[in-house]
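Two complexes follow with chain A in common, the first pairing it with chain B and the second with chain C.
And now, the complex of A and B:
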């Protein structure tokens, strides 16, 4: 971390602003992703992420503007359309959940890629560099873009902070919440919409292919370290923040590297560390606990077996 | 969800809970047909029937958790929306993820805060209510434990405590004895009987006829339709039980015969 702070001190102003904005996105993605993961909606987020490309491309085609806000609104619309399609497929066909998600994900992604490459090859103005939305590329962001991303992230986190009771109740037990008079289905929809928003503002940082990692990995890391919800939200936010921040800084030093893979690799490093080293749930801890338990058991058994023969006195 | 308004008006002529021609279908497959009966007074009421008889669906349809194809449900003669704060639901234990990062206390507090308005987290009163409910089910010592680190019986008691924290008048429980050892069953049944003695109505979906006969004051036998309903001794007759479980017994007999025939021919 000290290295990171040291490097940041020498970064140009624009990179610094962009890094802060994207770090805020990472933090919010971790917090909102926590509820996504707890509600078992990770794959829905992935389908929404892959569907954003269609909207980004269409937004450029329709408005002719290469403005980040416009492109992201387009991405959000197509992400929501994908989610609605997913719900409809589940409701009106006998396709199973996982298959339905895979279908929506691949079809919308294929459509997005076709649109983007078609636009690039025809030389439609502004379409150059659209493929950056595939893997994320923060170097081209302006300070204004970063401000937009940061603002949306802060609003997203505020939604969770304000509605913590409602979100927890519905995520844990939607039937109990509904029976108690809460609009569980609507709250579920709001949660999915929030995930879609985070996936969209995560696009510049991680790209359509990798942005799910930003929503899923930090909560997975956090769950390893705690058994309580609020600490889990804080840790997930922190891990998301650090992953996104170091991703931006590292990729700004090595210009050829897209931001997304770096962000994901940093987050994965946290995950590997946590899977092995976390207290209680970590593999190392569990192995130690099991071996100490079994050695205790063995000693007791030995005592149990040894005592009768030991006390047996020879005549 | 709406605050602690006064107890609903109890009209002597309105039963605490009544179903009229309740019909539920999943897609085109009917699950419950024209269920029609009422529970007049506070009691410990069992809904008994074979697997897939629609017992859980009966509770869920009463709480608007699944859509009704027809019929009505009334609490004290009123619609659910008007009396929701007086009703507590205990879902089946397997419906939630017990690895969820919450403590026993957190879950029971959800019962207390579920009665507050939007965005209100509750304070001392809710905390004390939750603690009292936990104490009631004998789990006060486990308040800080993560819910996954409990036995089946303890988890079921956490769910019961969450319902108690709603301070309701009617309790609807879905299989509260599933995966619960005999000792915990006894404990849970005594808490339910205590609620009945305090003038509450307790309706529980249950699968074991023997314990049902021992504990419930009244019973409804259900097998996609209402077979019989009334005081336990009158309902649990051999004829009624055969009618309730006949479909299944018939299938079992057929399988038995088929196996026998194959044994002979080979």
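And now, the complex of A and C:
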């Protein structure tokens, strides 16, 4: 981390602002993504992310200006449309849930690609840069763009802080929430909308294809370290923050490297370290616990090995 | 269609490649969708990228066997990684898919950008393919210039269809009941691994043509559409192949017409085909539901009309065609339930029998309700009016037995006897 701070001290002002904005996005995505993952909505976010391309392209086509805010609003609209379509397919057809996700994801991505490549071949001004939304490219962001992303992220986190109790209820037991008189369906919708917002503001950083990692991997890391919600939110936010920050810094040092892949790989590195090293749940920890347990109690018997977590593991 | 005339042999090769690729994907995609493994297909299609790049960096020929092996290995790594995250790290199932495919895809993209010119791939082509350029990369085969991508896709098609053909019974058994198949001695793990190897081969074949994400469309969308239309798995495979081929040809031609990405347009056409499939699906499609509702409403109309003829006869006057007239009467006449007599409509013997059944159901139900449910007499009619269309002979007989020899309903009307 000291190295990171050292490197950042020598970055130009614009990169610094962009890095902080994107890091805020990473933090907010981690916090909000925690609820998405707990609610088992990880891949709904993925479908929404792939659908954002359609809205981004249409926003450019309709308004004719390449303002990041306008493009992102377009992306948000099409992400919400994709989520509604997904719900409709699940409700009114017998197509399985996983197939429905894959269908919405791939067809909307195809539509987005068709629109963008049609616009490029017709020479519509500004359409050439849209491909940056595929894999993320923070080098092209201005300080104002970064300010916008950062503000939206802060507002997103504030929403969660204000509605922490409601969000927790809906994430853990929507049926109980509904039975206790909460407007569970509306809250669920708000939660999905927040995930869509995070996916959309994550676009410039990670791109449509990889942005889902921002809302999935930090909660997965946090899950390795704790069993409680509040610490999980804090750890997820921190991991998201650090991955996004180091992604931007690394890709600003090597110009041709897109940001998205770097952010994702840093986050995955956190995950792998946690899976092995985290206390209690980590594999190293469990192996040690098992070996000490078996040397104490089970050396003379040939019954088998029980793990403290009860996970099925064949010796 | 003048724009079609100028389509040349180069486009022909591109279309042929797309057709072969989508047939491969549809064949392996159908069992994948039926087994609820669509998202694993999604993950594999993203994850073959690093395998592909590493194979090329190690000196494999693009479109050759080495690339197929490398990509299949990467796909197996993805499946293993997903299972590892799910089993060992205790992650949720969808989250572990999300983690594993984004990680492998990110690694692939990074490898592509870092290795630069040494790998003949650019990130854009990774995402949506270069079908338009397929005809220019040819191999000389007995004096014919055949595109490399077409050759490797045909090889994969042969491999995949032979594999499916040979293991079909096992695939079928495992797809519908994995546990029973295991108990019956089917090597289910081998069957699943075989299917996943097939998926990764089809993905690699499709990769060059349509890119990573649109391969998902080819794997899942035709299968999901076919599965809504037919019930037998082998019919679904054939139908999925047909849907995929239509999508490939239609998508390519439309893309060429409108000057846009062929791969993207193919996914869009497949999406349209899926929407059509869920609309016209025979058991739960929108059209089927609408038709069955209309058929039901029509039957109720006809039966009500028939019963009203019978009641009119009972009270002693004949109905005139001009009173309600219209389609219902015409339909009853065509069916031989009513006939014209001296400018009036009367029941035929057949029609009388049918009408008596309906009126009998109605009055039996009113009597039964009157006896068992504490309802005022004027509340007995509406439920009977509804249920008269649904009572079968068995139920009528049971009610009759229970009522004993009651032959007058609570309103004082005679319950007609049934002619058996």
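Observations, loosely collected:
Just so we're on the same page, the second predicted complex is superposed on the first by the 298 of 315 C-alpha atoms of A that agree within 3 Å, B and C clash if a C-alpha of one lies under 4 Å from a C-alpha of the other, contacts with A are read in each partner's own complex, and residues count from 1 in each chain.
The rule is simple: contacts are C-beta pairs under 8 Å (C-beta built on N, C-alpha and C of every residue); 3 or more make two chains touch, one makes a residue touch a chain.
For clarity, every value in this text was computed on a predicted model and none was experimentally measured.
Partners chain B and chain C, brought together by superposition on chain A, fit side by side with no clash. Contacts of A:223 after superposition: both chain B and chain C are touched.
When the two structures are aligned on the shared chain, A:95 is found in touch with chain C, with no touch to chain B.
Residue contacts after overlaying the shared chain place A:178 against chain B, while chain C stays out of touching range. Between chain B and chain C, C touches the greater number of residues of chain A. Contacts of A:164 after superposition on the shared chain: chain B is touched, whereas chain C is not.
Look at A:271: by the touch rule set out above, it reaches chain C but stays clear of chain B. By the touch criterion defined above, A:106 reaches chain C but does not reach chain B.
Aligning both complexes on chain A leaves chain B and chain C separated at their closest CA atoms by 9 Å. Shared interface residues of chain A (contacting chain B in one complex, chain C in the other): 40, 223. Residue ranges of chain C in contact with chain A, taken from their complex: 33, 36-39, 41-42, 46, 85, 87-92, 94-99, 102-103, 105-107, 109-110, 113-114, 116, 123-124, 127-128, 213-214, 216-217, 219-221, 223-224, 227-228, 255, 258-261, 263-268, 270-271, 274, 278, 281, 284, 286. Interface of chain A with chain B (complex): residues 38, 40, 162-166, 168-169, 171-173, 175-182, 223, 226-229, 232.
Those residues of chain A lying in contact with chain C across their complex are 37, 40-43, 46, 50, 89, 92-96, 98-103, 105-107, 109-118, 121-122, 131, 134-135, 209-210, 212-213, 216-217, 219-220, 223-224, 256-258, 260-262, 264-265, 268, 271, 275, 281, 283, 309, 311-312. Residues of chain B touching chain A in their complex: 1-2, 60, 63-65, 81, 84-85, 87-89, 91, 95-97, 100-103, 106-107, 110, 113-116, 118-121, 146, 162, 166, 172.
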